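Here the structure comes first, spelled out in structure tokens, and everything after it is commentary.
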Amino acid sequence: MSAVRLGEISELEAEKQLISLVRRAPFKDLGFARVDHHRAVRQGFPEVIFGLGKTPEQIAEIAKSIVAEGQSLLVTRTDEEAYIAVRNVVQNVCFHKLARSITQNKPMEPTGHGVILVMAAGTSDLPVAEEARVSAETMGNRVDTLYDVGVSGIHRVLAEEERLNAARVIIAVAGMEGALPSVIGGLVKIPIIAVPTSVGYGSSFGGLTAMLGMLNSCASGIAVVNIDNGFGAAAMASTINHLD
Amino acid sequence: MSAVRLGEISELEAEKQLISLVRRAPFKDLGFARVDHHRAVRQGFPEVIFGLGKTPEQIAEIAKSIVAEGQSLLVTRTDEEAYIAVRNVVQNVCFHKLARSITQNKPMEPTGHGVILVMAAGTSDLPVAEEARVSAETMGNRVDTLYDVGVSGIHRVLAEEERLNAARVIIAVAGMEGALPSVIGGLVKIPIIAVPTSVGYGSSFGGLTAMLGMLNSCASGIAVVNIDNGFGAAAMASTINHLD
Amino acid sequence: MSAVRLGEISELEAEKQLISLVRRAPFKDLGFARVDHHRAVRQGFPEVIFGLGKTPEQIAEIAKSIVAEGQSLLVTRTDEEAYIAVRNVVQNVCFHKLARSITQNKPMEPTGHGVILVMAAGTSDLPVAEEARVSAETMGNRVDTLYDVGVSGIHRVLAEEERLNAARVIIAVAGMEGALPSVIGGLVKIPIIAVPTSVGYGSSFGGLTAMLGMLNSCASGIAVVNIDNGFGAAAMASTINHLD
Amino acid sequence: MSAVRLGEISELEAEKQLISLVRRAPFKDLGFARVDHHRAVRQGFPEVIFGLGKTPEQIAEIAKSIVAEGQSLLVTRTDEEAYIAVRNVVQNVCFHKLARSITQNKPMEPTGHGVILVMAAGTSDLPVAEEARVSAETMGNRVDTLYDVGVSGIHRVLAEEERLNAARVIIAVAGMEGALPSVIGGLVKIPIIAVPTSVGYGSSFGGLTAMLGMLNSCASGIAVVNIDNGFGAAAMASTINHLD
Amino acid sequence: MSAVRLGEISELEAEKQLISLVRRAPFKDLGFARVDHHRAVRQGFPEVIFGLGKTPEQIAEIAKSIVAEGQSLLVTRTDEEAYIAVRNVVQNVCFHKLARSITQNKPMEPTGHGVILVMAAGTSDLPVAEEARVSAETMGNRVDTLYDVGVSGIHRVLAEEERLNAARVIIAVAGMEGALPSVIGGLVKIPIIAVPTSVGYGSSFGGLTAMLGMLNSCASGIAVVNIDNGFGAAAMASTINHLD
Amino acid sequence: MSAVRLGEISELEAEKQLISLVRRAPFKDLGFARVDHHRAVRQGFPEVIFGLGKTPEQIAEIAKSIVAEGQSLLVTRTDEEAYIAVRNVVQNVCFHKLARSITQNKPMEPTGHGVILVMAAGTSDLPVAEEARVSAETMGNRVDTLYDVGVSGIHRVLAEEERLNAARVIIAVAGMEGALPSVIGGLVKIPIIAVPTSVGYGSSFGGLTAMLGMLNSCASGIAVVNIDNGFGAAAMASTINHLD
Amino acid sequence: MSAVRLGEISELEAEKQLISLVRRAPFKDLGFARVDHHRAVRQGFPEVIFGLGKTPEQIAEIAKSIVAEGQSLLVTRTDEEAYIAVRNVVQNVCFHKLARSITQNKPMEPTGHGVILVMAAGTSDLPVAEEARVSAETMGNRVDTLYDVGVSGIHRVLAEEERLNAARVIIAVAGMEGALPSVIGGLVKIPIIAVPTSVGYGSSFGGLTAMLGMLNSCASGIAVVNIDNGFGAAAMASTINHLD
Amino acid sequence: MSAVRLGEISELEAEKQLISLVRRAPFKDLGFARVDHHRAVRQGFPEVIFGLGKTPEQIAEIAKSIVAEGQSLLVTRTDEEAYIAVRNVVQNVCFHKLARSITQNKPMEPTGHGVILVMAAGTSDLPVAEEARVSAETMGNRVDTLYDVGVSGIHRVLAEEERLNAARVIIAVAGMEGALPSVIGGLVKIPIIAVPTSVGYGSSFGGLTAMLGMLNSCASGIAVVNIDNGFGAAAMASTINHLD
């Protein structure tokens, strides 16, 4: 090896870090999936099962593996059929129809430090908002909700300023032009996770318009997740809410 | 001709209409342009010179032809060089620098029935807003303006509700996420012409994001013109303001 | 508070306006929706139920709440199933199949000052044109219609110049290249609301081509609403038609 | 070789055709370019020099090579600097400033059977229209022109119906919403080559809107070339005009 | 009227032209459609029924009206159900399954001067190619076909050079990258109508890639119609093939 | 007012909230701008001057107004010319060349609770990363940086895991495919603000590819701001870092 | 023929090459398809049947024709129905359900020189990865697979470095942000074929985001095929793996 | 640690691999850049300096650091100014003007096993083709070139079949519709790296059309790199050409 040295840490230190990385990062190879059992340690929450494109059997098998490790169960983008499959192998599971999610009921004390407020601009945004709510609760957060508060009736938002200020993080869900986070962003000093939804028609282009609107918000303290990604917003919000 | 008859008007009537159409629709062929002198009769305002892509000489020649007919002069998307060329052939012309427009000063009583209110979300939207103002005034309208009232400081808009309600038509100019018309649209019952601007960066895509946002507004009583089209908004607003 | 003062109104005045805003802006919280009963005062027409993504039961419950307030009922983007649910809780309702809309029949004198002319370029544009017609009539306007007058048979448009000029506002509905408003725009001096439709195939891209064409119209006095947004066009046209 | 036989021609025949293909298809390798001297035989017109991205020296050298073969010279998308370089090596060359093209003046009898009519919607479309005109003339066609006849002043088009019908092919050049071909297409029974131009702003997206509009035309007998492609339209029109 | 005169024709002449326009341009108002019976005179072929978005009853009624005028029948983008409806009111109709078209069988001598060659790059492009063939034949043209001759097996094209040269117009149908017209364009000196198809997957984006490829062809003598628009290609080809 | 009641708060309470809203929300009208002096209270940081599209004089005047209020100064997207103008009216200002920002030097104790780590994938991403750093520091945060740690040399990231875990929030800046946040997201349990940059060429489309990549990250705990929006990322990170 | 000579080969030589081209390039015209039986010689693998858009009968007939020539059978993008049709005319066929492919079982020694490693980022990418595996095996390659190794759990990739280095070519399949090839690209010095999949939602836009991400990879030694094109990746990998 | 075990390798083995990864992966931290000196071992070629967005001084400093390690120098996307800066600190450097690249002249025996053939469709594609050539040569490959062989003159390609077959890898560079790889792909059985260029205008959209065309090629054995990415194509080709 030449005289060139590692940037800022010694080689030995680097070695140690990497060894420790492998040690604490086990995974279970199910053939069709490598369940990342270490994620709870590394990221604060165990692997979540994204249901889309998985068979009920696959979902049930992964769910079983997660629960066997004593970890919390969360299946998103799923349906009743998968619920039945999971129910056969895991006890006390619950299907959240509107949120299209499966969780396991177990007594749990919220571990997050504050309240996550989930806001939805319209009634049609509820499936995404509810996915965010269920996800956030399963991740150990207290959640408040405020639905159908679109900006065309601005007084419905202004009337709730108190609940806005009581939250530690806001998840703002909106389709169409996605203006809700911009208006909220100007009223509060807590972080806002903006979730564009595919609600709309014509040139809403499946949520693209809302997503672009949110990314170009003239307000600050706002960051954006993918279209319809209620779970992703909850994960970000929960990460923030668990910061000491 | 077969037994098939014209739909709902007699042939004779149709003939008369079309003859009259030709009679009252003269134009002047300058070679590079066919100046539509009849437009003032047909549309309520004479042909406007769109300066982009025309030489100062072409602009001056068309301007001269329009003024010679005793019609109002308006050149948009133009610059000082064209102004100098026009000044040589037309008297009392004025160059509006911010609005990038040329008009002819002449005493004129507003013919529109109410006030057109031009709102701009940010300071950078002023060139488009001013183009709208100058155009609307030249078309015979009283104009009020309200600038830098973006939705991230919603109290700056709410504080002006009185002036909003005093207008007969509103032109709402905004770049970035273009949320201004949605918020205004929920507060008033007069028509709003929304003008997206190319103000912004990154995924504002030259005004596309603002334009899509406005077209997907959750509020009603809003219609949209092309990006940066201050003149087009003024023409629409003036047409509305001149309705009896 | 520092020496910095409010821009142009006194603080007291601002307070008064805001108080009055809240006073006259009630809403009813149904849980899944906050019905904005104040909208009729604020915007000239009560809240309209956008049917897409709502269950028949939700639609019926909101409809009942609106009618109970003595307000006009309009449900758009809906179907027969929702109609049956509404019929059970509201009297004298009518389902407009082609327009995919539900209204309540009640004797009503038009309150708009003139006639709104709804034009459609082709037979396939009729659902959108009819949504505009039903919406405009429910909002208190007299409506005339002129269907299948696309620009490739320009004589079919020219033959109707008289009816064009008899209108106070025109709603021009077109798919494909969306050229109808450009041609009409050159013939009349009344405002035109252009409605692109998703009619077409291939590179019509679900109405995008028509929408862009309308926004780039070389004629003036035109503004555009979202693709297939017959209701939005009617709301804009009605707002204009009710201006004194 | 297996029992499988060539589809519809004998092998011998195929051989002959391919031999003849090579025989009559010479090219000259200049290192940076392979000048296709056979193109005049194969396609009815010699290789045209597309100036964009070529140095004046390269253009001059290719021009010299073409003229040495006794073929017609046409350089498109070029400028005065290239003109000077070409003038040094080729006699009697002419620079068409507006059309940004170089040709060689030589007495030539039109070989096309009819007249190609070049129409332009606006004054700003002239560079593209003139490129089409110069190209078509150089390819041996008689050309008529009709400029500034946009659809917002439809009478300017209708007044020229006679000249429309006198043509054998029409080249319709338009920017913005590109509606000109749709209107013309409904009036004549000769082929129309539609050329979208990059004239416009905002959501014209450099000619995309005009191009999409033309491709979605509700009229028939229309086909489209690339944005600003005046030469391509002329080549298509000339090919048609030379059909026996 | 001022001293400004009409451009190049006298007013009287203009009047005459317009009167004649109306005289020879009748249409029949069916309520939901205005059948343009004059189109055969004006454009060389009667109105064609675009089936998409029309009910079987509407199609049958328009078909009956066209046949009653003694004109040729062509319904495109249609299905068996519409065929049954048409069969009840029009005699001797034929349903072309692959081409999704309905025509009326009647002895007809081709009126076009040459042969239209329809080429398809792949087997999956056949529905579009067949729509072009049926349309072209119904418009009075002799048609030859050459299918599955994509450029990845270039010898399949080169082997058919004779049939290429025997045609007067070529319709080149291709999906995926749409390179067929570019290769053919370099071999022949007759006009090529390029038809992109929606065949492909992934980044073919429903034919957009093929369409853009064709518009940017490096060969000349090519013009493009909308994606999957076999009829449009046939109309253009037929217009060319009927030129004297 | 009807029997309909406000949703969840009494009218009186709403009034109080709104009055208080006005009271604490003053702004200063400079004519071309309405400086929002209340923002520091409402959002935790005073109004920031976005330099793009403002003249040096406008920037200087707003800067003076902000400093006069005793608030922190931050000008982004600016240049040396504006710096000179500001220096004339504000003391102790500093121009950050790479970050294209102006701040006022004043002794300040960080108020944020932890460290914000700014990571940049490549050397070309530094202007955006530095804008984030300067902005975050001005907002009262301690900032660490880690530059040129793109994922194609993954060991350069892994070697720094300790510094990653020492941060409370990470700002991950990357152009091209924007994969940095995905890799980091799998290693830490603190929130990541992803900033796409316009660094790249060809199909990077000015940062669009990086932005879409980040929004579709398979890791969780990530949210995205606009392309090149270093300031926006800092504002979000600072908001999080100031949460108790 | 003029003095111009063929570039670098003599005419005679060219003739010979072209004759030989025809001789060894037979095809079989089935009417709806021209089966290219020569492809195995020219490209190293016989024509593959792309099942999408073909009827079971067409697939069976082409399959029969290929097997009759003694060539290997591969049908991609197909289903059980086609399998049954093929089974009736070809012996020993096998349907790979997950890979949606049909092959013929026959003892075959791998002809490729090394191992092709197929990697998939997630479980949902398996259909595309399996299509690549089956295709590559049928083309005579040994294949190793490594599934569910997405970059958010980077240790799952790092743990397999040995198997990465044992391969001669890697096929990296990933949806969402498509970052897998970038990370792998930094670890190995063998070619990587990147396959974006349509796995994802919202702004993944059917695989566009993954495709753009891969094309903009900051790592080198990577090239990309179309979205979901497992077969195309296998063909490229096999071509490389068969190089001497 | 639970009973869950690592998938397929033992922990110990994993540890060893990772330690070895760090050991052999040094980098040098220049502050603004972390030069990856290990890349030559890991990827077969040292770090290449991408010049875009770097100052001449930064380029010179990195170049010096690379040469000091005894590694080959390659700077791409650079200019004369950077060349002068590099020349001052590194001996025997050479500036390739057309290729916009800097290399160091030193006697070097090609290490690749065959010839890389670089093909360019048009003269304007030469900068990209030359970047590929210079890069490939610097990486130790023999390179042949074949320029101006676009598909509209297909005989120019067919005449060179021998040189096509003599290559081990082909780099096919093309702008406009990008059809070159499709045609070549049908003629050879060696891998083709397709490079779209930004050559073209109008709807070529800066190379997007060529890129999409290449990704959708109907031929196989083709993979694609980013627009104008001559270096990337060379890296892929060289990786293939160095496979044993």
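Letters A, B, C, D, E, F, G and H name the chains as they come in the text, with residue numbers starting at 1 for each one.
Just so we're on the same page, a contact is a pair of C-beta atoms (placed from the backbone, for glycine too) under 8 Å apart; a residue touches a chain by one contact, two chains touch by 3 or more.
Predicted, not measured: the structure shown is a model, and the values here were computed from it.
Least step count on the touch graph, chain F to chain G: 1.
Summarising the inter-chain layout, the chain whose CA centre lies farthest from the centre of chain E is F. Distances between chain centres, each the mean of the C-alpha atoms, put B farthest from chain G.
Centre-to-centre separation of chain A and chain D, using mean CA positions: 56 Å.
Centre to centre, using the average C-alpha position, chain A and chain B are separated by 46 Å. In terms of their C-alpha centroids, the spacing between chain B and chain F amounts to 37 Å.
Counting partner chains per residue, chain H shows two or more touched chains at residues 6-8, 14, 18, 21-22, 27, 34, 153, 156, 158-159, 186-187, 202-204, 208, 211, 215-216, 220, 226.
Interface residues of chain E facing chain C in the complex, by the touch rule stated above, are 21-22, 25, 27, 31-34, 36, 38-39, 50, 52-54, 58, 77, 196, 198, 206-208, 211, 226-229.
Those residues of chain F whose C-beta lies close enough to touch chain H in the complex are 123-124, 126, 147-149, 153, 155-156, 158-159, 199, 201-204. Every residue of chain G that touches chain H in the complex is listed here, in rising order: 6-9, 14, 17-18, 21, 42-45, 48, 114, 156, 158-162, 168, 186-191, 193, 211, 215-216, 220-226, 231-233, 235-236, 239-240, 242-243.
By the touch criterion given at the top, residues 121-122, 150-154, 158, 176-179, 182-183, 185-187, 200, 202-205, 208-210, 212-220 of chain C touch chain D in their complex.
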